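Got a structure for you, written out below as structure tokens; questions coming shortly.
The letters A, B, C, D and E name the chains in turn, as written, and every chain counts its residues from 1.
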Amino acid sequence: MTGLTINHYLMLSAMLFATGVLAVTLRRNAIGVLIGIELMLNAANINLVAFSRHLGNHVDGAVYAIFVVMLAAAEAAVAIAIVLNVFHHAASISVDDYTEMKN
Amino acid sequence: MPTGVLLSLVILAMPMLSALVIAAFKKQLGTKADAVGIGTMGVALACAVYMALNHATIAGTGYVFEWFSVAGTSWKIGIGLDGLTLAMLVVVTLVSFLVHLFSKGYMHGDSRYEDFYRWLGLFTFSMIGLVISDNLITLFVMWEIMGLASYKLIGHYFQKQSAYLACKKAFMTTRVGDVGMFLAMLALYTSTGSLRFEEIFAKLGDVPSSTITWIALGLFMGAAGKSAQFPLHVWLPDAMEGPTPVSALIHAATMVAAGVYLIGRMYTLIVLSPMALLVIAVVGAFTAIFAASIAFTATDIKKVLAYSTISQLGFMFTALGVGSNFAWQAGLFHLVTHAFFKACLFLGSGSVIHACHHEQDMTRMGGLWKKLPITGATYLVACLSIAGTPFVTAGFYSKDQILASLWAGGHTSSVYYGIFWVLALTAAMTAFYMFRSFWLTFFGKPRDAHVYEHAHESPATITIPLIVLAALAIVAGFGWKDAFLPAEGAETYVKFANSFTHEDPVWHHAHGFALAVSAVIWTLGVGLSWFCYMTATGATARKRARELIAPLYLAASAKYWIDEFIEVVIIRTTGIVALLSAWIDRDAIDGFVDATGSVGMKTSAASGVADIQIVDGAVDGTGSLAWGGGGILSRIQSGKIRHYLFGAVAVTALFAVVVLYMSRS
Amino acid sequence: MTPFLLAQERAGELSAALMPDLGRLAPELFLCAMVLVVLLLDVIRGRGPSEFHPRLTLLGIFGAAGLVVWQVMQDGAPVNVGYAGFHALQVDHLGAVFKLIFLATGALTVLFIGRSREAYGNEAELSILMFGALAGMCYLASATELLGFYLAFETVSYTGYLMAGYRTDSVRSAEAGGKYVIFGSVSSAVMLFGLSLIYGYTGSTQFGAIAEALSAAPREPVLLVAAVFVFGGFAFKAAAFPFQFWCPDVYEGAPAPIAGFLAVASKAAVFSVILRVLVTYPAVGHAEPHVADLLATNGTFIQQILICSAVATMTWGNLAALRQTNLQRMLAYSSIAHAGYLLMTAAVIAPGNAAAMGAIVFYFLIYLCMNLGAFFVVTLLRRDAGSAEISDLRGLGFRHPVLAVSLAVMLFSLTGLPPTAGFVGKFQLFAPVIEQGWYVLAAIGLINGAISLYYYAKPLREMFLTEPGDADATKLAPTSADLALVVLLAAPLLFFGLFGWDHLTEFARSVGPVALGVR
Amino acid sequence: MNLLLTLLTFVPLAGILPILFMKDAKTIRWTAAAVCFVEMLLSMWLFHRFDSAANAPLGTSAFAVNASWIKVGAFDIRYAMDVDGISVLLVLLTGILGFIACLSGFGVQKNVKGFFAMYLLLLTGMVGTFVAMDLFLFYVFWELMLLPMYFLIGLWGGPKREFAAIKFFIYTLVGSVLMLGAFIAIYFQTKSFSIPEILAKHELIFEGNDTIRAILFVGLFIGFAIKVPVFPFHTWLPLAHVEAPTPISVILAGVLLKMGGYGLMRMAFPWFPDVVVKAWPWLATLAVVSIIYGALVALAQTDWKKLVAYSSVSHMGYVLLGLATLTPEGVNGAVLQMFSHGILAGMMFLLVGVMYDQVHHRDMDRFGGLATTLPKYTFVAMIGFFGSLGLPGLSGFIAEMMVFFGSFAGKLPHAQTYTVVATIGVVLGAAYILVMIQKIFLGKPREKHEHPLHEPNGREWAMLAPLAVLALWFGIWPRTAIDVVDKPIAQWCDGFAKYLPRETGSVEKGK
Amino acid sequence: METGIGIQLAFFAFAALTVGSALFAATAKSIVHAAFSLMATFFGVAGIYAILGSDFLAVTQVLVYVGGILILIVFGVLLTDRVPHEYKVAKPRNYLPAMIAAGLVFVALAGAVMSAKWPKLVKGELPAATTTVEAIGRSLLTDYLIPFEFASILLLVVLVGAARLARGGARK
């Protein structure tokens, strides 16, 4: 049996990324959309780490991943702050109701 | 500059001068405008007569100068004098002078008296210009200016609907003919590189015969328009809406003569196409008999004369359609004699109308001989002339020669025999209906007491022209025609298909035969009309006969519904097409607006801009496409973030998939 | 050896390697410092007098701008900044000119916010966000390495989200922020995924190394997909198809000055990266395998992506703008359309094609004036009329001719009509495309330009063609300061439209070669 | 360096300056009139001084100006101006109509300052377009006209003025955008913005690539055809004409439409002679359709001004036909037609305007009998309308005649057929003019007017009389114009010689 | 390349956990369930990191994601938990576009990834996994020093801004 190749990780990340896309396009709940975004970021991170490893313990990918984790945190903070704000006005957490501006 | 040219320039300038002076000093002149007109025309007439007397030295002179030049090609215009021109000049100035004189009495008291003289001046100017031109350009220019002047003169009483419709009709109908003539000019210029008669004729040898035929037919189309040949004759009867002197001028000596003159002038070219000759002859003959039949039924004295004019013009064209030298001479000779007797008739009718206080219906006249002896006498003379009274009248000589040349033409093509008999019949009809008008007007019992009571002889300004013209209607037949329009000597400026000499047996025979026929038909025509209108038995027979041919009579009196036909088929159709075009033009717009369902937007002021986008939907599709596209995009921009995400991600991924697919292998 | 000790040991080495370069980062460092200064002052003083923070912000921006200029004066040659051969940033003229554009936009935005007389204008947080955003943009304009690029990119994004949603009292502003953050996060995740693939393929995070690896790359589908994904992030920032959806909603909802800031500075930031990559590392743009027959443009794959997006973007923006009645929203669509034009020209950028690159720089220089000017009028409308409908402009030409004429100049310039600088700008944008022989692309662009005229004409019509009745006269009441500002923005458009543009063009074209080190 | 062309172009612009500081409407009007008068004198001076015999190639005449304007890398944009006979004639037309329309503008009551400022700006744009010898400069002037025109129609026009203004704006801009695209492409092929230089190098533009050459030609053609306007790009025109105030209608019909013809002559045609020859059937068809369609639509109008507007479509069709013939006669005819149409259409719009000022409507069915009440007005109107109808002795005739001669003699396939079809337009032209005259001048008055109608006043005579005299002058003595334009036109036609079919074939006379 | 069977099994286990819980997080009816399912995903990803030898990152993942981001998300859920029906997942009819998008993305990625040659990757045996902490630390303070420092400013700015917005207005 052949061992784990880079493709294993890449397929996993592709699946995870697709699941993230599924979440962001399916979820009406703004928080749900955020969850989807986190999934997509994680997928990218798996790539980075896997490449990092498969480039021969190339550290850049891992560092990159750390930054991504950090940025994801900041992003979540920003997003939650803004979403709470919108919720405050629209009295709804469903992104489908945020249609004050359209056309 | 030769004397002849100078004189012809004087002749040309005189009427223009009259028109300009009258226009400029309208207020100061008042009714004295007539003096200006008559005076200038007198000078012109004097010059013309002088030229005619010295024709031997003057004929053949000319003057040419460059109008402009384009890319090295010089467009030259100028004056050319020859026998035909001199003959025309005399006729035109004479008739015009007499008409000017006649108008002084006839138009007296008209509110636009000065205007009338002004346009009369312009009209005469254009006719003179037309005949002295040595090229088709100035001829055409004058031709068109004549159209304008006739428009103005026919529409003199423009407050009347019938008058303004008539003038429009005259202009439009002749314009249709002009297009043909213009196209012929284009073809001539293209194939010979010039529009001067001399140069054209010199180069005709290089032109293919089919082109010549087309050119000849084009010219004939123009001539037919101006000279009222079928089917472009419709304007002429209506043009009787103009004042009677105008009718006399236009329909006797000038405008209608222009077409005949054109064909006569371009004869060298025309005769090269037997086909065109035949068409001219056939159309002329048909027009002659066709118009004569209508004249049978007309009761308006001027309408009778109008149809008679059309008919007589048909005679001229028929003659010109033969192609021989005698035929050419006959056609143009008839033009001259016709100018005199028809002017006399028109002015005579004018005198009658004047006397009867603008009553034109013959059925309400009668017995005026006593009241209007001079008018009656001159009218009779003219009638005799037009009917072709053998040996004494000018009309006889010209008409006889037409018939003779037709019979002679039968030697080349037997069709001309047939045409001969048609014209012979027409000549008989002419005698009949002309005398019919004479009897009805001057003899019999007065049918309208009121008209009769107030009738009185016209003043001298009216009767003098009548007398002069009546005299000419007799004497013009004698002798002088060979001086100006020599059948055997005109070859210097005109070529024929075949020439005869007086001694030619064919011609001799034809001449004799035609003479006999003429005499018979004159007798028949005049006698029959006397029988029908001056005897009681005749009146009943006439009624019987009329019942017998009722449908024909109805058709003739309805002018064979030509006007209605044109109205429906051409004018209405054009109008509908025009409306349709306008609708298309406007309603690319509305149609599209409706289609997109934004009718409401159209009305609301705020969306004025919105509207514009679709304005030209059909014309510039992009606008509407853009507008529609914008609407779709607006809808996609739903405001829902999920839709946006879907759009963005799906498009990106789709693009990626497509790229992957394309880059496979 | 513990990491701590290791760090200590290397400290000297580190400073030796890095310190000489820190001067190169003076503008960025200064902006970061300003963040701290504002925070500190805020903590110490509490809320200052009115106008305090705006003035402080302006001061900081001018300071940073001064530093940028100082750098340029110092030495124009491109310098790589980073630890011992690790190229984190490149400081050069290309970056400098974009930094000045960001800073100018920032300064004008602060001024606009001041003119809008909104209470939030004097908040320390806004200053901090502004400095953060500017710092991110400046970093972005110099970044030559993926991690820094991503970081700066996200900085610009996050500050943008927060600024768009800054007016917590307004439902529209909040919603704008919400849409912006959700859409932006997804886009950046897409981009990140693409970046991760590129990292894996090239084994490096530095542009230079990546370019080198790519130039040796065979025809490789994964790179195509990665390029598409990365472009997604760029497209989001530039408001280009297919990531343009957020733009109208966000620009309409955000406070008008902020919208203007996003429309100009944010867009300029992403184009600064596009230019950086395509000009400095042409291998990235040109070593890509050809995808035959995709567009039959004979272009490289990156060019083809740019072209596809450009066509769709400009068409989308212009068509959707046709029906708009809200001036701010219309300007949003217009800015989408402009992104399309810019992408179109970006597609022809190639080594030695200074004209195409110069055209984009030039366009941003004037876009700054015309678009910000238009957004400033929207700011005034929002302030005085409460809304930014086009109909609110009714009769402006009769009431306030100076303002109206200035706006007209800006709109004409946006349309691209002579004798405004916008015409020259459009001309320069299209010229390289035509020179390249991409006539269909140019034709689409030109047709789009014609369509755009239609909606730009709408405000003109309201201003000049509709006479104000007493009832529906414009409520705009510009002060002389407002007018001065608007004239200040309109005047260059006319000046550069007629005379000065040759020098400006020379300047714009010169920055690219300088970035390459080819003076 | 001769300053005349610069003066001609910028005198109106300079005239705006004092006007901006004036308050009194009367002063403004007279100042504007003075400026326009100076402009007219300048244009006449140019016409007088222009040495048509020398026939200097473009860019080398005594009036040529050529200075560096903007130089960026390879872009060398120059302040280059020059005239040849054709532009001289059109500048003369602009000068004359500019002054006359300015007088007509005295009737404007609303925002007089703005009106004349815009008007003078427009004048600068128009003259500049005719004299510019650099594509860039040309384009700037071309677009410069757009703005004032937009406002002049949109602010001072009739009830649907905004609609009309925007439609005009959009149409012309679409055209100029296409034009610009073609310009840029041509620039890259010839590396020059100079009109004479491009002409010299025209064969190099995508040498051998017929498709692209055709596309470029079509771009330029549409750009100019919209201005001409050629069917089907004409739909902006009736609306703009009808809604525009009288002076602007005069300028629009008199000068602006000529720019389309000028552009075709100066650029589109000579740069792509091969395409023109190939496109001849299309060009001729468009021209003929314009002629007939314009006349038909005019025939159906009830609005007097609209009728005149559609007559412009028809008449400008002759310009295209004349140009497309590529024969000296035809092109001379086209140029004459441009000039003549400028005079006559200007005059017709003034005539309509004079009457509109009195009765405030243009519904032909509500007029009648003006010949009785206003004989003098009728007289001068007849000159205008019959001139338009193509009556010999007036300028329209000679122009149309030359067009027809040229087109009939054309060496391109079926030239005769097209000519024959086009002559239908002559008949239809007579029809709509006569119907209009009948409705308005003949018959009896159909309506009572509050104020009795009066003959034109002094100012109106000052506008109408010169035009009438010009129409007569150029009708009787067309040399005045032909001598000036003949040589450049001959050269122009030579440019096509080698693309024309060798064998002219036997002259087909189709009727 | 031979990997221990145990590692392989671990990979598949973690992969299954990751994808399975992610799918549940994406589609769960209750947003609370989704949030908790997300926690499982994070753990799964951390496990993958561990398998890849990124011990530091695995820990960071757990700390930051589970300890930070997830808490934030749950906060968000709780703070908006006022309209119960609202946080139901989209109705089934909305699945189709979402599936299409996800499917396209997956096809694109999988197609691209599977055919890739990855020239820079180590072929054959990977070097032994060592602890990454030192390398990361060194890298952060040398190569990535500037981004690292910049990140701190980013966090500061973002937190100040987020606080301002979350507070719902200016400080009083």
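Here is the rule we go by: a contact is a pair of C-beta atoms (placed from the backbone, for glycine too) under 8 Å apart; a residue touches a chain by one contact, two chains touch by 3 or more.
None of these values were measured; they are calculated from a predicted model.
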Quiz item: Out of curiosity, which chains are bumping into both subunit B and subunit D?
Solution: C
Quiz item: For which chain is the distance between its Cα centroid and the global protein Cα centroid smallest?
Solution: D
Quiz item: When A-E is set beside B-C, which has more C-beta pairs in contact?
Solution: A-E
Quiz prompt | Approximate Å spacing (C-alpha centroids) for the pair subunit C, subunit D | solution = 45
Exercise. Please compute the C-alpha centroid of subunit A, do the same for subunit B, then give the distance between them in whole Å.
Key: 93
Practice problem: Could you please state the distance in Å, as a whole number, between where the Cα atoms of subunit C are centred and where those of subunit E are centred? | Solution: 30
Quiz prompt | Inter-centroid spacing, subunit D versus subunit A (mean Cα positions, whole Å) | solution = 65
Exercise. Going through subunit A residue by residue, note those that touch at least 2 other chains and give them in order.
Key: 6, 13, 17, 20-21, 24-28, 30, 33-34, 36, 45, 50-51, 54-55, 60, 63, 67, 71, 74, 78, 81-83, 85, 88, 95, 98, 100-103
Quiz item: Can you list the residues of subunit C that touch 2 or more other chains?
Solution: 147, 151, 154, 158, 162, 165, 168, 177-179, 182, 186, 190, 193, 197, 200, 203, 221, 224-225, 228, 248-249, 323, 447, 454, 457, 461
Quiz prompt | Multi-partner residues of subunit E (at least 2 other chains) | solution = 90, 94, 97-98, 101, 105, 108-109, 111-113, 118, 120-121, 138, 143-144, 147, 151, 154, 158, 161-163, 165, 168
Quiz item: Pairs of chains that touch, anyone?
Solution: A-B, A-C, A-E, B-C, B-D, B-E, C-D, C-E
Quiz item: Which of the residues in subunit E come into contact with subunit C in the complex?
Solution: 108-109, 111-113, 115-121, 133-134, 137-138, 141-147, 150-151, 153-154, 156-158, 160-165, 167-171
Quiz item: What residues of subunit E sit close enough to touch subunit A in their complex?
Solution: 1-3, 5, 7-8, 11, 15, 18-19, 22-23, 25-27, 31, 34-35, 38, 41-42, 45, 48-49, 51-54, 56-57, 60-61, 64-65, 68-69, 72-73, 75-77, 79-80, 82-83, 86-90, 94-95, 97-99, 101-103, 105-106, 109-110, 113-114, 118, 120-122, 126-127, 129-130, 132, 135-136, 138-140, 143-144, 147, 151, 154-155, 158-159, 161-163, 165-166, 168
Quiz prompt | Footprint of subunit C on subunit D - complex, ascending | solution = 70-73, 75, 139-140, 143-144, 146-147, 150-151, 154-155, 161-162, 165-166, 169-170, 173-174, 177-178, 180-181, 184-185, 187-188, 212, 215
Quiz item: Considering the complex alone, what residue numbers of subunit C touch subunit E?
Solution: 1, 3, 6-7, 10, 14, 17-18, 25, 28, 32, 35-36, 39, 47, 81-84, 86, 88-89, 119-120, 123, 125, 128-129, 131-132, 135-136, 139, 145, 147-148, 151-152, 154-155, 158-159, 162-163, 165-166, 168-169, 177, 193, 197, 200-203, 213, 216-218, 220-222, 224-226, 228
Exercise. Would you mind writing out the residues of subunit B in touch with subunit A in their complex?
Key: 634-635, 637-642, 645-646, 649, 653
